[in-house]
């Protein structure tokens, strides 16, 4: 069998960031690697290799004309983590070219942070540390005023993909009743994970802790706004872990400022956040600078998933770890590409 | 059957703190209640009722002479949470009088806090919030420098009673390898909880996250000191959730100050902590003012466990929820009584 | 410290049956062993050693007079598995002598059998094998007539001690709603195991699968009789795994014979069962000759639990694996001693 | 929006077999149903409706010419459970037509049977029942000779798709070490399910209980033969739950007959099995007439999964419950169509 040619165009990732040595070794055994890591792969370089390429690992634009020049191409693996609009998904489907992304690589990092932040808000952990540093700590029962036990508290999850499901698994020993709102999923899938499928309003009204994992799509911009926040019970906890665009962010900050809810957010409409943003000094807000997912471990998961699936594909077997692009879905997603890892 | 007499002397708790209405109602149905909540029950009051008392709920001193005057006494339930030396445990054993404490009432509150704090230290959650408030946040991968994934990290648990076991159950979905040091337990019990029984030194050297739940006894004062801390890997995480006396506390603070380890502590040698304590400004320390256990929910658990066991005992059945004092063990414990709830 | 003297009088067990070599070695390291395995320890031998004995492993009679002659005795471990009336439990309590039994040793053996038998009855496994051997098998859907899926079916557990709880843990992935009837337990304990505490009638009426683990006591002889069986839904499944005495056995057989219920039983009023017993040919009955518990593995568990607790006790620590006799409870139990292992 | 046309050609299933009333109602709300249940849909009927059909539920042949005549077709759902070679999978992929099968519908039925059969063989349940009926039962320990505890025994799973994974989840409380052989899966997927990926020989040599869930493909006919059976430890247990073709069946029967292994099989090279087959009287064989999967409940799962996915597809969303055909994989499968349900 001839040695497959593998184009690697991973920026803003690099192979070192996503592969530990054993995985790098497995990748090198798969074929001949052509790598562009210091800059996006130049057009002439891409085009030169199209006739021979079997596998493309990276975010290279692949319109139909390029696909037409790549008769041996079997798969494209986006290692950034979000499907981008620079690929002709329909043409790939027709050709049986897998378009993949190891999106689940981030799930464990995000889910464990999300859980810790939720307990933090329920129990006042960071706030109590801050009070202690200010010499204003309260001991014992007095120090727990306004807090609640996370164990057993009703939880709502908005968006039930890899992240939401990984979090849900972490909740099992806490015995929370869990309701889920995800308009892309049938109730059967939600119930199979021991959650109750509900509408958005019901979820907001009945949960003490609400996790937002919803992707940003062409249809859901700002779908949690003033009306929705006001459905929440006072003293509840709200965590944004996916995209700032899915909430009305100024209204979100007003709700936290007012003290009606406590919240955490890992994302902001503009990053970096302005120095003078009022978010920086809100008592009820736990601030995270888009860092719940992007851990060293998550990046190494990307390499592990990519290489394991590449091995299968080159053996003629279907991939098992990365998510496949669905042309219908890919067209709806509205993620911004990541500028820096 | 004659109506049992129940003495209730719960300070520093009160019935309202430990019983929600349904539990209070069940308690009142059990017998005639004689309650002293505004002050410890006066001696003359205790002594007046001894001949008739069936159940004592509270921390009243019960030396052998008093026990001798209480022929109907079936059980003493300490609702503070720690066995005190003011009871003649041997005399109770001879008489078949249960001496009980609902110590497990605090387990869920402590365990969920402990888990959140451990993830917080592994992932830098509170520290990142503090940096954000100071305008010094870093985004994405850069913001995760020096952190590690809690999921899958080796965990060590020192002291494997109610608290340690409740925490262990919360760890299941995280798939941490868990080692346990508890010199009071046989390896069989530890293995039954899917943990590895190890010596203290092994535990400290091999764990990324160490939880201390050990009770203070007559034998273990300061058993984790300089030598032990130096066995830990740099960048590891250490959490004290039981009693400050079990560690060499000044050395503990030196280790955190030096940056070798990150830590959380819920307890301090002297509480409240002095205003000028250097602990208040250490970057690597998560500060908690003896508040992981004393939640509203935990106190209500006390009532629930006390009343459920009282119901059984008055039906002639053994208690099922509270822990029984073991004369041998009770003599070794060195908890200070709680002054305020 | 002087070498403790350990009397070993284990019949109908023998040390070889209950100890694998490593456990035997640990036992021998504990002290000087005086063993009687070929016959019950003769009275004169027992009495000779009483003044020095620290630990008694076996079923030797220990009335108060003997206890009075054994000032160093710390614990008695019954290795047969049931507390017998030949011990003065009250005298032991007064002296702080632990009376123990490794009753949980049988739990895993019984529970896995019980689960397999329940699925067998729900799905018709043994019956289908019998039909196949008779040349009367039916394929596919036709072969499943009258069966039901065990997964998710309502389960009732009568008696919620070690056996019931071990079974309950095995059910978790099957997602059965589980109700429990146990008059010795408060609802709190049952709910802590994710079961619903209910009355006996409710349990029988609402469950598709009923497991009986109740011990025989002075109060519950035949408490499941005609009236109770008639509460069960036709086509339900009933399994007896503890003592035949707790059901009206002739009525039980009539119910199975009639085809109203399918059943399994591991116990019989008289064992061995008479050659001509009609039970031997009932279509709806799964027959087990008192063999769900008495496995090689269970017997080896006895030794493991006994020796681990003996080690603790001789170090002055409380036992952790065996169950302690409760004088009140021990007096109510009505188990027959086991004649053969 | 115009009402979608849905062709329903489900034989050997019928709508009543696969839909309970609520699911039938949801199906009817989805569009206009054209149903052929008493015979396979006649060609002229299929062809008449092709120009309008949105959804095809059934096993109708769909070569490229028919697909070309069905411009509105969005999905084909095979409700028999196996992909058949009568569809042009490549043409469907090019058109973005989902080809689906609710194969997981059988997983719970098969998995619970497989577990019960494995415990049965480990513990001798059906064999003991047979002995009891023959008047030859042995009680207690004597009745357990040659058996072993399933709990904790090393398990091997061959083929790790829906069935194998569902079984694996049932094993969790039994704490078996589980190894998996599946050449279509990367080690990462197997480890994510807490199993050890191993080669076939290792699996056979190290497991006490071996489950075969492998599909029959063009490549694996009889891949478990004499050499492989001889790698197994004497007294081990072997269960065939997928297709008889994957083992050398005569050799399998010889191994069971010899007493080296105990076994269960749900499938046979020819069904119905010949009246005089020696399999019918083998002591070590648990016989099941292709009935572990085909339960009423599994058939109703088919309808539930089909209708839930049909709802999503008609809303423009990707299916979530059924498995999608992969052209590469579909070409390798060698299932015989089911003649009767």
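As written, the chain order gives the labels A, B, C and D, with residue 1 at the start of each chain.
FYI, contacts are C-beta pairs under 8 Å (C-beta built on N, C-alpha and C of every residue); 3 or more make two chains touch, one makes a residue touch a chain.
The structure presented is a predicted model; accordingly, all values stated were derived computationally and were not measured.
K.L.:
Show which chains lie in contact with chain A and also with chain D.
P.N.:
Neighbours common to chain A and chain D are absent.
K.L.:
Measuring between Cα centroids, what's the chain most distant from chain C?
P.N.:
Taking each chain's C-alpha mean as its centre, the farthest from chain C is A.
K.L.:
Provide the C-alpha centroid distance between chain B and chain C, rounded to the nearest whole angstrom.
P.N.:
The computed centroid separation for chain B versus chain C comes out at 34 Å.
K.L.:
Cα centroid separation between chain A and chain B, in whole Å?
P.N.:
37
K.L.:
Averaged over CA atoms, how far is the centre of chain A from the centre of chain C? Could you give it in whole Å?
P.N.:
Taking the average C-alpha coordinate of chain A and of chain C, the gap between them is 50 Å.
K.L.:
What parts of chain A, by residue number, touch at least two of the other chains?
P.N.:
Within chain A, no residue touches at least two other chains.
K.L.:
Are the chains arranged, by touching, as a line, ring, star, complete graph, or other?
P.N.:
ring
K.L.:
Within their complex, state which residues of chain A touch chain B.
P.N.:
Result: residues 17, 108-109, 112-113, 115-117, 119-120, 123, 125-126, 128-133, 135, 137-144, 147-151, 169-170, 172-174, 271-273, 275, 280-281, 286-292, 294-299, 338, 340-341 of chain A touch chain B.
K.L.:
Tell me, which parts of chain D touch chain A in their complex?
P.N.:
Against chain A, chain D makes touches at 90, 93-94, 96, 184-189, 304-305, 308-309, 311-312, 316-318, 320-321, 326-329.
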